[in-house]
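Take a look at the structures below.
Shared chain: chain A. Partners: chain B in the first complex, chain C in the second.
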Partner chain A sequence: MSRFLLRRLLVMIPTLLAIVTLSFFLMRAAPGGPFDADAQLEPEVLQNLRAAYQLDKPVPEQFRMFLSGVLRGDLGPSIGYADYSVSELIAIGLPVSLKLGLTALTLAALLGTSLGIVAALHRNRGLDYAISTLAMTGIAVPTLITAPVLTLLFGVTFKLLPVGGWGDGDFRHMALPVTALVLPQLAVIARLARGSMLEVLNQPYVRTARAAGLPEWRVILRHASPPALIPLVSYLAPAVAGVMTGSIVIEQIFGLPGVGRYFVNGALSRDYPLVMGIVMVYATAVLVMNLIADLLYGVLDPRTRRRMDEA
Partner chain B sequence: MTKVVRVFFALLLAMTSTAAMSAALVRGIGSEPESFDPHKAVGTSASVVIYDLFEGLLTVDANGEAAPGAAESWSTNADRSVYTFKLRPNLKWSDGTPLTSADFVYSMRRLLSPDTAARYASFLYIVKGARAVNTQKAPPETLAVKAPDPRTVVFELEGPAPQFLEILTGVAAVAVPRHIIEKFGREWTRPGNIVSNGAYQLVDYSPNTLITAKRNANFHSAASVKIDEVSYLPIEDDNASLKRFQSGELDVTQRFPPEQLDKLRREKNRSLRTAPGRGSTMLALNTRQKPFDDPRVRRALALALDRNVLTDRILRKTAEPAYFVVPSSIGNYDSLRPDWSDWSMTERQKQARALLSEAGFGPGKPLRFTMQYYTESKTRTLAVGMVAMWRAIGVNCELVNKDLGAVISSVNAGNYQVSLYAWYSSFDDPFTFLDLFIQKPRGSITGYANADYDTAFRSANRTPDPIARAKALAQAEALLMRDMPAIPLFFAEGQKLVGPRVGGWVDNARGANLSRYLTVRG
Partner chain C sequence: MSGLAADRDRLVKAAQAVRGESLWRAAAARFIANRSAVAGLLLLVLIIGFSLLAPIFSPHDMEEIYWERIQIAPTLANSHWFGTDANGRDLFVRVAAGGRISLAIGLLTALTSLLIGVIYGAIAGYVGGRADEWMMRIVDVLYALPLIFFIIILVTVFGRNILLVFLAIGCIEWLTIARIVRGQTIAVKETEYIEAARSLGVPFGRMVLRHVVPNVLGPVIVFSTLLIPTVILVESFLSFLGLGVQEPSTSWGLLISQGTATLDSAPWLLLIPAGFLAATMFAFNFIGDGLRDALDPKAR
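Up next is the complex of A and B:
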C-alpha cells in the first residue's frame, strides 16, 4: 500500500512539470501581452515595464527563472494586481473557492446519493420519475442560466438575499452561489447513485443477505451502499477539482473573490505569473484528488485493495 | 410546530434587517483596480478610487473641470514654458505629517524613475529632463521640478505648453507620500500602511470584494466633504452590476447590459445619466501595406460608411457620428468638418466608386480585405453593418473577431489590414488623439508617415497662446483627415446609473465625479 502511494506520488512530479511547461509556453504563444490593453504606450515606458517584470529576457530564460522561483516557493509578483505577489493573491482567493466548492460538493454528495438511493428503491414508481425528471433538468440547465434566475428571484424581486458579493463568507452571501453550484452536481450524483444502486440490488450477495433474513435497512446501508458508492468516488474526486474550476463562472456572476476570478482576469489580461500560479494550484488539486480516489477504491472494494498491496 | 414557524420568521428578519441603509456611498467600479499606487494604477476603475484618495496640484471640480487642488494658485511665464505653483497653507497627509513642495518634487521624480515603470510617465515627458530620467540616461535629480521654498513648486518645460495644467489633473500627477513608500516598499498601499492627501483615506481592502475609504480629517477642505464613508465594489459582470444597483446595494455604477438601455431610458426615476464621452472609435487602416497605402482607397472606404445608421440604428443614439478623430466634447477646440459629411449617401457612394476605380478597383477586380474587431457590446453588429455598407460600393470585407488584447497587440505590431480601434483620453485637450498619428520610433498605429503632418502637429502643439494653438491643431487634424489613415466612426457617450439617494451629481465629459462633491440621503 505505502509503496503504491510512494510510486503514485513520484509520478505526480513529471506530470505536474509537463502541465506547467505546456501552460507556460501556451500562455506566451497567445497573442497579445500584459501591457496591450493600455494601447499606445511610449516605447520607453513599455521598455521600463517589461524590464520590471523581466519580460525583456528570452522566453526560455524566463521559464528557467519561473521554475527556480517555484522551487524556492516564490511565484513572483502579479502584473494585473501590482501591489500583490501571486502567492498572496492565491492565499486570499483559495479559501473562498475552497469553502464555496467544498460546501457545494458536500451538499451535492449527501443530497444526491440519498435522492439516488431513494429513487432506486422506488424504481419505476412516481417518486423515481419525479427525482429523475428533477435530475435531468438539473443537468440540462446550465449554471449560466440558474445563477441569474436565482439572483433575480431572491435578490431583486423578493430582496431576501444579497445579489452578489462575499461579505464575510456568511450564510446569506453563500446561499445563492452554493445553490447554483449544487444543482447540476446534485443531478449528476443522483443519477449515478440510482444507476449503481439498481445494479448492486440485483447482485447475488444482496439476494443472499435478504434471504438470510436481515432487515431491509441493514441490507441497504451495510451491504448494498458501499459497493454502490464506488462509481461515485471515481466521479467525486475529479469533481472536487471540477467544482473549483466550475466555480469560475459562479465567482464571476456573483462577484466572489475566489481564485477562479483571478484566473479569468489573469488569462484575459495576460498576467502570466498569476495564471501560472493558479494553473499549478488546479493541477495539483486534480492530481491529488485522483490519487485520493484511487485510495478510496481500496477502502470500498477489497479486490482493489489486494491489487494495490501486490503492486 | 409554532416554534419552527417562529424560528423561521426570526431568521427571515435577521436576513432583511442588515439591509437597513447607513449614510455611506457605495460605488460600483467595474473591474478590480490594478493598484492604489497612483504611479502603477491604470484605467477608469482605479482612477475613481485614486481621485478620492489623492490630490495633485490641480484636481477636478464638481463639474469635472480642472480646478485648484493642493495648489491654491499658479502663474506662468510669457511663453508658458515655466509654471510656478503656490501650495495651500498647512497641507497635511492623512497621518498628520506636513505636506510640502518637496513631496511634489519626490512624486514627480518617482513617477519618472524607470524603476517605478509608471505607464503614464510619458505624459510628463513635456517636463525638461523627464525623458532622459525615464530612459535611465539621467538620474531623477536632474528633473526640472524644483521646490525653492516649502510652498512653491516650479516646473520647467521642454517648450511652451498651454495644456500642461490639464495634464496635471491626471491621476498620475498626484502627490505620493515619501515617508510611507520608503518605509513599506511595495506594501505601502495596504490598508494600515497607506497615507494619502485627498478627501478620503483607504481603511479596508479585500481584493475583488470591497474597498472602503473614510473621510480624511486632515484634508484641506475636509469641512466641505459630506459623505463619511465610501465603498467601492469591483463588479465586472454587467448583469450582476445592474441587479446590485436595482436591489439598492449600489448607489452608482457604470456597468449594465447594453440591451437594457431602452428599459432604463423608460424608467420613471431616470437613474440613467449620460454625458458626451472622451472616446473616439475609429477604423485603423494599415497604411504600410497595399491597398491601404493609397489614400484614395482609404477615402473611398470612409465615404461609404453611413455613420447615422451606426449611431442611431445600431447604437440606439448612444453615440455621435464622427467625421474627425478628436471628440466633439473636448473643450475650446473645434475640429474642421469635412465637406462630404453633408453629402447624401448616394453622392458619397458615387464618389467612393470613382475613387476606387481611380485606384484600380472595380467590378472586374473588387477590393478585398479583412477587418478585425474586438468583442464588446454591439461591435459585431457594427462590423456586419459596415461590411454591408461597403458591399454597396462593390467592396468585399471579411471579418475576424479577437479579444481586445489581441486586437491592440496586432495593431501595435502593424500586423493587420483594417481594425476597429478606440482611443480615450481623460484630458480635456486634443493632443493625445492627434499624437496617435505622428511618426514614432516603432511606427504609429497605422504606419502613417507624413512629415508635413508631424511638423504641423508639433509646431501647433507648442503654440503658447491657447486659442492660436487650438486653431493650429485643428488645421493639423484637417490635414490628417484628408489623408484618412484612420476612419472616424463615432464618439460614444458616457453612461452611468445614479441612484435616488445620491445628490450633487453633475454629468460631465471627463466622467469624473469625486465623492467629495456628492451627498447621500440616509
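Up next is the complex of A and C:
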C-alpha cells in the first residue's frame, strides 16, 4: 500500500512539471503582452516595467527563475493586480471557490446517489422515469443556461434571492450559484448510481440476503448499496474538474470573488504569473483528487487492494 | 461422384438462400425502434434546417441595425419573430447564424479528435508492448491536465482565429477516443480474421485501417455523438467568457452571454438562444443513448 502511494506521488511530479512547462511556454507564445492596455507608454517606462517583472530576459531564463521561485514557495507578483502577489490573490480567491465547489460536490454526491438508488429500486416505473428525466435535463442543460435562467426566475421575477455577489458566503448568496453548479454533477452521479445499483441487485448475494429473510431496507442499505456505490469513487476526479470548470462561469455570472475570475482576467490581460499560479493550484488539486480516488477505491474494494500491494 | 457434386451444389444453394442479417442493419432497426432516439434525430434535423434556412425566410440581415427598433420583444410586426437585441439587430437571423457556427464547430472539432484518437488508439493497441505502454502513458499525463485551463490558454495564444482554436480543442479531446479504440483493438487483435489477414501478408497500414478500425467503430460512433455536444458546450462556454467567437459574427454562447446582460429588461434575448442550445444538447444526448443501445455488443 505505502509503496503504491509512494509510486503514485513520484509520478505526480513529472506530470505537474509537464503541465507547468507546457502552460508557461504557451502563455509566452501568445501575442501581446501585459502592458498593451496602457496605451502610449514611453519606451523607457515600458523597458523599466518589463525589467521590473524580469520580462526582458530570454524566455528559458524566465522559466528557470519561475521554477526556482516555485520551489521556494514564491509565485511572484501579479502584473495586472499591482501591489498584490499571486499567492495573496489565490489566498483571497481560493476560500470562495473552495466553499462553493465543496458544497456543490457534497450535495451532488448525497442527492445524486440517493436519487440513483431510488430510481433503480423503482425500475421502469413512474419515479424512475421522473428521476431519469431530471438526470437527462441536468446533463443536457449546461450551467451557462441554468445560472442566468435561475437568476431570472428567483432574482428578477420573484425577487426571492440576490442576483449576484458573495455577501459573506451566507446561504442566500450561495443558493443560486450552488444550485447551478450542482445540477450537471448530480445528474451524472444519479445515472451512474442507478446503473450500478441495478447491476448489484441482480447479484446472488443480494438474493441470499433476501432469502435469509432480512427486511428489505436492510438488504438495500447494508448489502446492496455499499458495493453499488464503490465504482462511483472513480468519478470523483472528473467531478472535481467539472465543478472547477463550472465555477469559472458561475463566478463570472454571479460576480463572485473566486479564483476562476482571476484566471480569466489573468489570461485576458497576459498576467503571466497569475495564470501560472492558478494553473498550478488547479492541476495539483486534480492530481491529488485522482490519487485520493484511487486510494479510496483500494480501501473500499478489497480486490483492488491486493493488486496495489503487488504493484 | 456426381451425387456428391449434386449434394455440394445443393448445400451451396441452401447457404446462399440464408440471408445473413448484417450487424449494421440490425443496429439501424434497433435505433429506429427507439422513440426518444428518433425524436432526438428529428429535433436535430429541425434545428439544422432552421439554422441553414432561416436567412431565406427572414427579410433581415444579421448585421443590420434598426435604430428605431431597439430591444423589442418577439412580434409579427416587421417580421422580428424573435425580437431584436440591445443593438437593434434581428434575433431570428442571429440565432440561425449562431447555430451555424456552433454546429459547424462541434462537427469539425469532433471529426478532428475522432481522426487523431482512432489512429492513435488503433496503432497503440495493435502494436502493443513497450510502444503501447509509452503511448498510453502520454495519454494518462494529458488526461490529468485541467482541460479548460489549457483551452483558455490556447485561445489566448491563437487569438481571434476561431478555426485554429477549435482544431486545437480537437487535438485535446481525442484522449478518450484513443483509450476506447485501444481497448477494442486489443480485443479484436486476437480474433481469427485478423490472424487470417496477417497470414495472407496484409501490410501494417492496411491491416489497421481496413481490418482493425472498422471493427472497433461501434463504441467510437457512440462516443463521437456525445462529443459533438461537449464541444458545442466548450465553444459556448468560451464565447460566454468573451474568449470565443467575436462580434460581429456570433454563436449561441455569445448570444446567451449578451442575453444574460439584459436579463431583467429583455429576457427573450436569453431564453431563445438558451432554448436552442438546450434543445440541441437534448437531441444529441437522445441520439447518443439510442446509438449506444443499438450498437452495444452486449445487447446482441
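The working rule: the second predicted complex is superposed on the first by the 306 of 311 C-alpha atoms of A that agree within 3 Å, B and C clash if a C-alpha of one lies under 4 Å from a C-alpha of the other, contacts with A are read in each partner's own complex, and residues count from 1 in each chain.
In this text, a residue touches a chain if its C-beta (ideal position, glycine included) is under 8 Å from a C-beta of that chain, and two chains touch if they have at least 3 such contacts.
For clarity, every value in this text was computed on a predicted model and none was experimentally measured.
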Superposition on chain A - do chain B and chain C clash or fit: clash
Contacts of A:Val182 with chain B and chain C, given as first, second, both or neither: neither
Contacts of A:Val141 with chain B and chain C, given as first, second, both or neither: second
Dominant toucher of chain A (residue count), chain B or chain C: B
Chain B versus chain C as contact partner of A:Leu232, first or second or both or neither: neither
Touched partner set for A:Tyr282, first chain B, second chain C, both or neither: second
Partner chain in contact with A:Thr151 - chain B first, chain C second, else both or neither: both
Touching partner for A:Val86 - first (chain B), second (chain C), both, neither: neither
Chain B versus chain C as contact partner of A:Ser23, first or second or both or neither: second
Partner chain in contact with A:Gly255 - chain B first, chain C second, else both or neither: first
Touched partner set for A:Leu268, first chain B, second chain C, both or neither: both
Shared contact residues on chain A - chain B and chain C: 30-31, 148, 151-152, 156, 163, 252-253, 268, 270
Touching residues on chain C, where the partner in the complex is chain A: 141, 144-150, 152-157, 159, 229, 233, 236-237, 240-243, 253, 256-257, 259-260, 263-264, 267, 270-271, 274, 277-278, 281-282, 285
Residues of chain B touching chain A in the complex: 12, 15-16, 18-19, 31-32, 34-37, 40-43, 114-119, 121-122, 125, 131, 134-135, 186-187, 189-190, 206-210, 233-237, 239-240, 243-244, 246-249, 402-406, 408-410, 412, 423, 436, 440-442, 445
Contacting residues of chain A [partner chain B, same complex]: 30-33, 35-45, 47-49, 51-52, 77, 80-84, 89, 92-93, 148, 151-152, 155-156, 159-166, 172, 252-257, 261-262, 265, 268-270
In the complex, chain A residues that touch chain C: 14-15, 18-19, 22-23, 26-27, 29-31, 136, 139-142, 144-145, 148-149, 151-152, 156, 163, 241, 244-245, 248-249, 252-253, 263-264, 267-268, 270, 275, 278-279, 282-283, 286-287, 290
